[in-house]
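First subunit A sits with subunit B, and in the next complex the same chain sits with subunit C.
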Partner chain A sequence: MFYRLSGIHHTGYASAHRLWSVPADRWQVVAVLALALLAPLFVSDLYLGSYVLPWLVWSAAALSLSLLMGLAGQLHFGYAAVMAIGAYTSIHLAQAGVPFALAILGAGLTSAVIGTLFGAAALRVKGLYLVMATLAMQYLVDWVIVNVPAISGGAQATLRTPDVTFLGLPVETLSQRYYFALAWAVLLALFFMNVKRTSFGRALIAIRDKDFAAAVIGVDPFRFKLMAFLTSSFVGGVTGAVLAFCYYRAVTPEQFSFNVSIQLVAMVLVGGLGSVIGGFLGAGFVLLLPIILTNAIADLGASGWIDLSQNLMAHLPLIFYGAMIIGFLLFEPLGLAKIYDNVRKYFLVWPFRHSGS
Partner chain B sequence: MTDSDTVLRCEAVTRRFGGIRALKGVSVDIAKGEIFGLVGPNGSGKTTLVNCVTGFYPPQEGRILFEGADITGRKPHRIAAGGIARTFQNVALFKGMSVLENILMGRHNLMHPNPISSLFYPFLARGEEIAHRRKVEEIIDLLQLESVRDEAVDVIPLGLQKRVELARALAAEPRMLVLDEPMAGMNQEEKEYMVRFILDAHEALGLTVLMIEHHMDVVTAICGRVLVLNDGTSLALGPAREAIADPDVIAAYIGTSSDAA
Partner chain C sequence: MRHDPDMTRGARTLHPDWREDDHLIAILARNARDHPRGVAMRERDHGIWHETTWPAYLDRVLALAAGLEAQGIGAGDVVLITGDNRPALYVALLSLATLRAIPSPAFSDSRPEELLGQMEREGIAVAIVEDQEQVDKLQSVRDRRGELRTILYDDPRGLDGSAPEGARSIADVAAEGRRRLEAEAGLREDLLARPSVFDVAVLMHSSGTTGAPKGIPLRHGHLLSGVRNAARAGYFHEGEEHMAYLPMAWIGDYSFSVAAALELRFTVNVPENQETALHDLREIAPTLYFASPRAWSAMLTRIQVGIAETAGLKRRLYDHFMPFAIERERRRLRGEAPGLASRIWYGLGDAMIYGPIRDRLGLRRVERPYTAGEAIGEDVFLYFRALGLNLRQFYGQTENCALAVAQSKEDISLTTVGRPFPGVDARIDGSGEILLKSENIFDGYWDNAEATAESLQDGWLHTGDAGEFAEDGQLVVLGRLSEVQHKADGTRFIPTYLENRLKFAAAIRDVCVIGADRPFLAAIVCIDFDAVGQWAQERGLSYTSYAELSQMPQVIELVGERIAELNRAVPDSLVIRRFINLHKEFDPDDGEVTRTRKVRRKVIDENYADIIAAIYDRAETVEHEARITYEDGRTGTLRRRLSIGDIDGEG
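Take a look at the complex of A and B:
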């Protein structure tokens, strides 16, 4: 078989610690990256701009949240607010003439500071209470953005993103914006994988799994929960900026409402907590499924197979969508990443059903 | 015993939970390099004393000194950083990690965990990870955990899980090791292995060991001195065989002849 662990011998710890030790995994990574790089050549502008690009950005957002929810185990139901802070900061900085690279950095830092402040207040509580505290962040930030004209430009206003160049490279045309979003998603995915294989990620997982056992080997739970909030909010803020500049290009407060936070939580849960591939799969699932369902039902209605009222047609995708999330929580709580892992393991141990040990 | 020999000193440690006094002024000195046993019937305050020492339940009265420094009321992670490692009665491993990662976790205090070095892994993190992996492999050798190194911790047998927890505690390079019933729920063979590993670690790493243990054969075999607790007070303190032969101790454990009548 092409997918085999036999014959892979580590002769040093450096090779044992590499990211993909199975050659088939490496080939897959290369193939996916090549497809992603060539996408603007064979994907039509419509699909690239309205499916692939948002999928990349939302995957980055799901990964940012998964760092906090999946690795450190801290629920956050106000993540759209973190992204909103990043988006608005970057737009205002760019409009003030700050170079785009610095504007993005500023977006990350502002989100990190505000997100960590809320985190510090919220970390006095756990579980459901933490959910409530992060919800409060969502509504507070929403309210401030809507009601401070200096930020939103007025209650009903739309802020356009100015044309920018990133370190000399323009980020204007569709393919330029696509490559920028791709670079950010790849960088974030690499960062996530490196966090998971270093002491920082292990400390976060230790706090998630057993906080008292983590404390007894010297992990300061409060400090590392705060660091999780800080890191996650920073990358969340940058992702918000990327979302604004690469996809929306015109920002209104509703784009970062409470619904978006719930959607992000759904992406992380459906994809699989703390998994990189889960972030991409979850974002794709949550973004694409409603669209596919809407189109499929519309087609069925148009061809006369079923006769549905306009009102029901509009709500059916939402019903399916909710059912799918409940189904995942019941039958595959580890999400799409676990399904991917099962398939991979099936090939790894083939022709046996289980691994030897 | 001179003061310089004392590693851990508890002075009249008292801990209450609501109206219950779990520890009533317990005092004990533990000398450098000794294997000290803590025994007593269920509910006598053994784990509470250990939790006072490791910072989970700070005592309301009394003082705890480690190597001369007052550690009373310090947070558990600061006490751990000061050089005390412990294991738990019910195995407390991190289920989301492999055996290797669990033991690597023990080196937390000796590493520099932060997101920046994770981001620049090839430059800032790889060298550190590999250096510590090397140290962890020495402990894996010492405790003979090679065969389960890459397994998930929740699929290996209990005896091995307890050994992994010991390995994680040793990985921190502590000067004092606190073991809460390291042999609970083990069969005879696993027990014998565990005794061997505790002695190996004690000898190879020059540790001071404080252990709670119910198996009297183990206590008399490896503990130099023991403290017998009953109902939050110290009942006997001294060389293992003498302390557990004390009539009061036997009465606390088994009851007196008049109870039997």
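Take a look at the complex of A and C:
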């Protein structure tokens, strides 16, 4: 109904590979970007700071992980640790007086180096064994952060982020921090989409589908698995730094615990492996749905229609949340991105049933 | 054989108004000079549309012309051109015109014998063809046509290194021409100065429903005045996007893709191949679109089959909005202006149904959709007009560059074909024949003074069509004069009139009405495999082949109902009593229809004599021995039992 596909033709390979060759998709991107840019004008500070901003940052985190899990097919259950390394590195560098831009770069590099070290295990092991290896990373990094005061400032300590400027632009007020996070999320989304249409991305996908088959067609699994860990850990580290500076503004070790890793994996799976839209939708689902459910059930309780015990009130949202995740995975195992894709295709072939007629 | 080099002698006196240097090549050069970045042509190759600008187009034409000249081709030589639409072949048409040679296009699916006949009649020694298939066809008749010395091909696949003697690739010859152009100063200007408006630009052919096709030479001046008349009538606009998918041997393609494209600077889009033409059409979304009534009808069938597969919301919206729009269009044609509510509702339907369907067909940007060739079904005509396409009919023959009469935007009617273009005179003579006179009517058939004298009298073209003028001055075409037949009791009938009305039914693809000197009328029907197949699927009827599907009792009943519907609408004397579903479609390879799918009655009478005899013997079934011509020319036979259907009813 909304899509007009006639008249789209390509006079060269560059144009044949462009992102969003359908005009309706371009308009959609423009509209979403405009909404995001104008958000500070019409969204209250409370919602901007506690819903929209974390959503953007966690979306960036989900995208970073999706690069590894969705494109290269390497499971990672210790991704919170990667982000923790980025967050702590950036804070320490910033406190030491290093410009914020360099501090972020340093955060990415440190995460990349450490993440790749653990990722090297992936060259030997696959599947569940890789999960174990990355879990080990999660606990080792947690342990090191908690037990090395030079990093965490002590087991119970909270490190505050200093006020910083990024290339001359201050990142202090809520809207400044929001735009910074938005810029990073958009940059990462663009990077992700471009990776998918380069030889690097195609190599990763080949390895995901079958690594020895990829080796047969000349894709070196050793090199590309390492590069996948390197790239993903780098952007994960930067996202950790953005999370610390834009959202938490103070970090403690618990913020990067094993739960967080599991949540990130949930975001990627619920959203849809290897999909940009899936990254955003998955982060939104995992992050915002519990809040919405809690509010809805609290309202229901307050309205007095149903008599709910305090205990039930606390657990009902979790019950529904769990049921919804199971429901979504049963209904569409390929995630929210696939649901979006189905809806899009429904309208793409409108008013026919499929593109064949 | 080289023809009279001064073949223009008579033309100068016939056309005193033509300017000597107003020819297609000069227009190409003008476009190249004035629009150096304008895109003249796009060709789809492996999904990518490669663009040719006007200067590049001119360069290709001149390079090939110089190369062809080096091959010994000069003024007056007739050169065979055959293949599907390819830029190289369009370039060749113009290169030959530059050399004052005469391109003679043939349909790409012509049989070798047909090509041989054309070569013999026109003294052809050189052929420019598309690919290996065409080269092989020519090669197969070469022992009978020793004069054929050179074959040039565009697509080298299957020919590289194994090309028969005398076959070279067009690219080779063009490269040689390019070297000549570089080496010889002044050759370029010399080439450009050669052609004249009085030269024959192309040698087209009549479709040949009876006997061998007649050659129809058309001069630059004919084509240009035809295009200019049409442009003055608002029929073409400057800078249209045009899809070149119609057979190159059909005059319409030459008028649209070459003459009008040059004069009005169209961008001519050439599809990847015939099979992808509809898909490629959607990628281009042309602004000008021509399709035969048959193609429009096929498109409607495609939509209906697609919609039949939908369910739920899509289906309900379609079922509401489409009948609404068709009813609205019906009233508009009757002259009732739609009210405000109707307009708002139509706007809604346009956003939800009509717009998306136009988009799916690739006709979203079409402002000038046309049809011609035969009558278009009321259903089809109304449907596409209801979709928001300003579908119009036109009327013309090869003899007048297919540009003579067309409906204007305002007064559309189903029964008329419109008014003559400015510059075209039309009248009806005593016998009811349509006569036309204008600058774009040819000067006589190729080497056939007898036929010329018959159809050209005092400058008036005798079209052979029966027609009349409606009260508002629009032309109505009734049918071919030569096709009027008489039943045994002497009643007149025009088979095509009945056939066209029967073919409007989705279930019927082709039909031949018989009954000359017989007691009653009967029909030989070829069902439409797609439409009837879908119909059978919906009813859970299983079938394996066209033949089996056509003989199912339910399908016979379905076709019988369609014929009964027509019977109710015509006078009793024109009622069709019996019919038979043929086990195969009419095939141009068997000679049953022409390449433009006009029925060849003589061949059908001959091929199906046993069936026709059985129909009039009142038999229930008939054992038919079918002769089959395979694609490679071999023949075989097949025995089949066919059932004959009776139409119930009084009269």
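Following the convention adopted for this analysis, the second predicted complex is superposed on the first by the 352 of 357 C-alpha atoms of A that agree within 3 Å, B and C clash if a C-alpha of one lies under 4 Å from a C-alpha of the other, contacts with A are read in each partner's own complex, and residues count from 1 in each chain.
FYI, a contact is a pair of C-beta atoms (placed from the backbone, for glycine too) under 8 Å apart; a residue touches a chain by one contact, two chains touch by 3 or more.
These figures come from a predicted structure and were not determined experimentally.
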Combined model on subunit A: subunit C and subunit B, fit or clash: fit
Subunit B or subunit C, by number of subunit A residues touched: B
Contacts of A:His9 with subunit B and subunit C, given as first, second, both or neither: second
Partner chain(s) touched by A:Trp350 [first = subunit B, second = subunit C, both, neither]: second
Partner chain in contact with A:Ile217 - subunit B first, subunit C second, else both or neither: first
Lowest inter-chain C-alpha distance for subunit C and subunit B in the superposed arrangement, angstrom: 6
Shared contact residues on subunit A - subunit B and subunit C: 13, 16, 357
Parts of subunit A lying in touch with subunit B, wherever the complex brings them together: 13-14, 16-17, 191, 194-195, 197-203, 205-206, 208-210, 212-221, 224, 227, 230-231, 274, 357
Sites on subunit C touched by subunit A in the complex: 42, 44, 47-51, 282-285, 302-303, 305-307, 309-311, 314, 317-318, 351-353, 355-365
Residues of subunit A defined as touching subunit C within the complex: 1, 3-13, 16, 350-354, 357
Touch list for subunit B against partner subunit A, complex: 54-56, 75-78, 80-81, 85-86, 88, 92-97, 101, 104-109, 111-115, 117-119, 121, 125-126, 128-130, 132-134, 151, 168-169, 172
